[in-house]
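Shared chain: chain A. Partners: chain B in the first complex, chain C in the second.
Let's look at the complex of A and B:
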């Protein structure tokens, strides 16, 4: 988000305009990063189904991609993937 | 309400503290009541349930499964724009504790009657101020009634204060369990149309509206939580002048004068006691007796406990050499019981201040007798003479 407001700009903790939670990029919380190997993926969509964010995007052809803006690195997708197509690597390394 | 006589456009009636609060709530024309019964508050919500059932009050009465749910329902209703009331005591308030902080930070305007009762264990249903003290930091305005009349008046005023757009904080009206909640006393009640004029319908600020969706109470971490708390702290500081204004306004309608700090005999007093709630009358009775013998003693009591009227209290106690702060509760391991700590903090940077003694009294509904108050005055007089306090903590009347 842009400039941080002072307490003087705040009153009750209300967000008066709807639909702006997307502005909060929770991907910054990640310590481990899921890396998807498309060559192993069998398009079963289990990762898409299980991701709690949801930060796995389903494409037209049922292939998947990871949205790193919101992926918190919980590792559920890697755990659920039946063919081990997702590896969790340290953030900033892989 | 059997005997009613006309006087100055007000009716003189007989009611218990609980009935008087319920009557004020009916006259305030609340929209939503969510409550769970607990002694000694139960009669309040029972009477309100009667009013709703009999069609005398058009409100939705939400019978919930616990106090936690009661206050949660109140928060939602208040944010939706309703005028909201609840009542509880002791363990019930303890169960509400989590939501107490949310109700304040979300700037709801809930009014709660708290029929003060000791916290367990051992189980007790009678008066201590444990419950009120336990939520002193939660951001609620707190009034203390001394008698049934005040319980009625303060309930009406609490709605007006809480809903004022310069305030928007919830209020508690404390009334001593059984001593006031169940005592039948004469009081004057306003006519319904007078109440309507004093207390027009609530004008909600940012109410919940499906046409205009908003997020209430979102996540705010290290980046914003601090600023929200500072904003809340500053907003709470603007409450005090509005309370003074509402007290003056109410006097115009009722002829009854309210002040945050009530003082008796302190102008020339050497020693004084400070007390909350129904026992103030006993303290003044003893002071009157001693003053008639020429002893310079005084009594101060607080109608307003939060925000704490620190500078008013300091000003009124000017010249007092020793003060006994009377606490109907105890704070284990702390350097003084709850009211004592407030008073010590209020005097912290004053060059001229009284010696302070802390008297614990009346726990679990034990009567405060005139001789207990006299003992407090004697200890204060000894301290004033000696220029120091020998025994800082007294337990008045304990075996």
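Let's look at the complex of A and C:
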């Protein structure tokens, strides 16, 4: 009869690498693609805050860029942009 | 004293919540998580109850968390957090280890229903933790079943609108009142359409020793049958129609943070969501009126508590 294991001998389902979901690209979910017109952007950062992924990167000067590796195309950024600097276009067209 | 910001620009850049998670497009949960991880200074440990946030951010072998994170079960997030807090208190006393702030995220199912007992115990024992309920008003992760947080009249798969009932017949529980009844020092409501208000309240909760409870409005395109692009618009309308009053309670004092003087018609909020579509039919008018009374009663109650009526 082998010795009974204690809880210390069991390995818990541990994910040791912090934030490794970046390896899983969710951009393929997208049907509509946000396109940002930098000339209209007023750097209000609303899209940066509202993006659920986050897939909108905030640059040093508070301008933003869209990270298509993760953008799921929800369209919140385009809907909320106060100066309509973001347009949703069909993926694969423009 | 908690750091308080005035504009979005002052919000820290560091992202402790990584993309690549599998939450639905247009989900309202990440805005809360990203803000909380920015607003709570210093080391932190996150506990998550079973729910959308847990299943979608930790699909093995991936995690979206850049902070220590643990999931235990549906019902015991607050108990797990209490144990972690107590362990760190012991380590602090014995070895001088700097104690992290413990943040709990639970959905409405994991908070209003299944985890309420554990939450009650943790609040009563006075553990130093921030409990944040992200409320999408039903069990969205398991297929949109009604919860104690589902508002009156909302259709879910277990309160479907039809000939027998026009959506859920019962009213929503008042989580903040339950928290205050436990003697917590700070409790507040949060909404993603009001980022600065949300940041400041979480920062304030973090500065308080002892349990604090925050209640966050989470738009859910999947469960509410709404356009994902409209999630924040719906959240904003919830405040502007007085459906979701933004207020805080601090050491016995109530403050309404967004005083909505002339509310938008509640229909503006309802018509963007499929779960309420039946309420706009003439035969269900009585239910719509009941919902309006709920909203009005709650607003008047808050005005009185805040000394404004």
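Convention: the second predicted complex is superposed on the first by the 75 of 94 C-alpha atoms of A that agree within 3 Å, B and C clash if a C-alpha of one lies under 4 Å from a C-alpha of the other, contacts with A are read in each partner's own complex, and residues count from 1 in each chain.
Here, a residue touches a chain if its C-beta (ideal position, glycine included) is under 8 Å from a C-beta of that chain, and two chains touch if they have at least 3 such contacts.
Quick caveat, the model's predicted, so the values are computed rather than measured.
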Original post:
Looking at the overlay, what does A:25 touch: chain B (first), chain C (second), both, or neither?
Top reply: second
Original post:
Can A:13 be said to touch chain B (first), chain C (second), both, or neither?
Top reply: both
**OP:** With the two complexes superposed on chain A, say which partner A:39 touches: chain B (first), chain C (second), both, or neither.
**Re:** neither
Original post:
Quick one: chain B or chain C, who's touching more of chain A?
Top reply: C
Original post:
Does chain B (first) or chain C (second) touch A:67, or do both, or does neither?
Top reply: second
**OP:** Based on the superposed arrangement, let me know which partner A:58 touches: chain B (first), chain C (second), both, or neither?
**Re:** second
Original post:
Is A:5 touching the first partner chain B, the second partner chain C, both, or neither of them?
Top reply: first
Subject >> Overlap of the chain B and chain C footprints on chain A, listed as residue numbers >> reply: 13, 15, 17-18, 21
**OP:** Could you please specify the touching residues of chain A with respect to chain B in the complex?
**Re:** 4-8, 10-18, 21
Subject >> In the complex with chain A, residue positions of chain B that touch it >> reply: 105-107, 168, 205-206, 213-218, 220, 223-224, 226-228, 230-231, 234-235
Original post:
Which positions of chain A touch chain C when the two form their complex?
Top reply: 13, 15, 17-26, 29-30, 44-46, 48-50, 52-55, 58, 62, 67, 69-70, 72-76, 78-80, 88
**OP:** In the complex, go through chain C and note every residue touching chain A.
**Re:** 8-9, 11, 13, 15-31, 34-35, 57-67, 192, 195, 221, 227-233
